[in-house]
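Got a structure here, written out as structure tokens. Questions coming.
Labels run A, B and C following the written order; every chain starts at residue 1.
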């Protein structure tokens, strides 16, 4: 087993064991932190598919994260007041069932990503970064100025959404839901990157000219990857809204896009467990530095600068001591 | 709705447009010459605004504050270029995005730590206070009019600088062929620092000028940065002319959209929902404009086709 | 009369004042190697790029197997059976040698949007890929990262990828570039046998290779085809000699 696989196993086990121990020590706050790590890692896993494997530097993934969050909150709030979300062209009524909410969130994320991708993938490089950022900001401003779902103030979920057979209000059970979803998503990414589609996607990153010369349109491959990526990040957004029982435009803000990107880079770009390592480190830093100083983003910024300038490859890159494989 | 009201909104749009040009021209210059995408450009805008506010408060003179914004932002720009940015020219865009995102965190937190979270306020200098009567009976704030004039003067100066001066020739040479200017014996590292500091000074100036009519606070730079990105995508990356046209288009679209859309919706909706629907859609107008440009000209109005 | 596999008809392309292709006519018949030669800057690579679709021509037409392909994308033309190699090797550098060929095999099979089955355990893809590597003498190197290959090995891999597309015509842009005399000789022998699989449009500077391989030669100078003919005809052509001597005198 290579070092990256070993490190991944340690991460997977650690994320499961830490909250169990914490619960034994009667420290439920750690369980909440671990839940947050799992959800943010899931958001990062979505971005990693586009950015790490497809080379698509999206600075707009907050859009999908936020859309997932709003999907969850809007469905839940309509379930509470018994008004359908809309009646035309078909009726959608509110729900508090997590699986349904997840499905809606993922479809919303995939559609938004396909629309943004169809426009932004017409160009490449630095245009792509700016355009994804701009469209995400458009959705952010829309959420602020559209009063129906709380506008600037956001929208609360009064009862945590339900999952058949589980008590989602129990922190451990909710954590386990998030953990399992994360592991399924990571397994999906692992399989995907080794499939025919994954091979073409990684070829698009390394050499799009070559990909076209063998007869595969890079545009279609990238668009599909971007849509899948948006769906996964939207799923994370739905879980995040449930964790906080609240959603606000802040989830859609450009700063969130930057943070999701930071998870991916800190952990290791294009490595399946990279976002888990990155999100865990981020939460640990936020928790510990944040306890020391309210200006904790200053050392975070310096650390990030040091990683970019001197430690390319992130945590898993350091651990596995090798250049990223294809 | 009167003609005077529309004229006033057009002027507001122009004012937003020229200020966006000050931001976008620096971004596009830095990208054109050094191939760098700089997210921290909004931080330099903030530095300019804070430098102006601090000096104006200490000395009582807005004009000294304005000078401080230029000098402070240029110095901050030069410092950051030498310490960090020049290590990024050979890196891919992802590294540039991350490193400059990290710089935003550092700039914002350092500013919050030094100045606190409360916004600062700048007041309009007495010379430019009060309204002015324009031909056609339009009453308009003198300061805003001065912003339009100042922005257009700086834009003209920038075009002259690039077209006529020795520095401009080197900048243009740097855009087309980096090895060439190195072969001609131009000090590239020095040129890059100057270009970056020039862009920073323009951003800082914009921050000070706009900070006077809004408020000076941490985080003020990023919304403007993102608008400047929209401007550059519309105009074409690397083109100063594109930045000017894009900035005016965005400024006018945004301002007139916010003014006209609620009015348009009120013709078939009740007033309060027309206002909310209209303003929600108006907030999206410039992005729709950007999407439209992308459909027909993926490399922007004045960009080189890739 | 036999229809050519590929025909370029009255093709023109200008970059500003420079005519990169000036009313070029060229065709490629079944079973032949048609060499395209000319001094540096004559527009050979630009012509190849117009045929593959990487550069759009201004006027004229490109027909492939009786079909106009001038409006198709690079990938669409490749799917019809136009396989090219690049003057400067253009492969996926982080992939292994095998992955690069498997990519081409799966592209030729037409099924790309498959998300679950791992490619490297799919015998339908790996077996043929290993076959093409064996044919080009790279089988032992199949597990090596492409970036770590020698220059000559990258040239061989370019050919293996082109083979894997099972094309109806090859466009080879200076396949010998940067190879030693021994490598060139081997490759010449290999290409000699390749013409039975599909005809080859060969851009090459190595005149020994061109004269030993080509059934026909076209000479491109300043974007214009100044002569097309058999090896003997081209050797005897006054205008060709002048163009080359002029090039050397300058």
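Just so we're on the same page, a residue touches a chain if its C-beta (ideal position, glycine included) is under 8 Å from a C-beta of that chain, and two chains touch if they have at least 3 such contacts.
Computed from a prediction, not measured in an experiment: that's the story for all the values here.
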item: Overall pattern in which the protein chains touch one another (line/ring/star/complete/other); value: line
item: Chain whose Cα centroid lies at the greatest distance from that of subunit B; value: C
item: Per-chain CA centroid nearest to the all-protein CA mean; value: A
item: Averaged-CA centre spacing for the pair subunit C and subunit B, given as whole angstrom; value: 48
item: Geometric centre distance via CA averages, subunit C-subunit A, whole Å; value: 43
item: Euclidean distance of C-alpha centroids - subunit A vs subunit B, Å; value: 31
item: Interfacial residue positions of subunit B with respect to subunit A in the complex; value: 31, 37, 84, 87, 91, 93-95, 97-99, 101-106, 108-110, 112-113, 222-223, 226, 229-230, 232-233, 237, 276, 279-280, 282-284, 287, 290-291, 294-295, 298-300, 306
item: Subunit B partner contacts - residues on subunit A that touch it in the complex; value: 51, 57, 59, 119-120, 122-127, 129-131, 133-135, 137-138, 141-142, 144-147, 254-255, 258, 261-262, 265, 269, 295-298, 300-302, 304-305, 308-309, 312
item: Subunit C residues touching subunit A - in the complex, by the definition given at the top; value: 52, 54, 73-76, 78-79, 83-84, 86, 90-96, 99, 102-104, 106-108, 111-120, 125, 145, 161, 165
item: Subunit C partner contacts - residues on subunit A that touch it in the complex; value: 191-192, 194-200, 202-203, 206-207, 209-218, 221, 224, 324-326
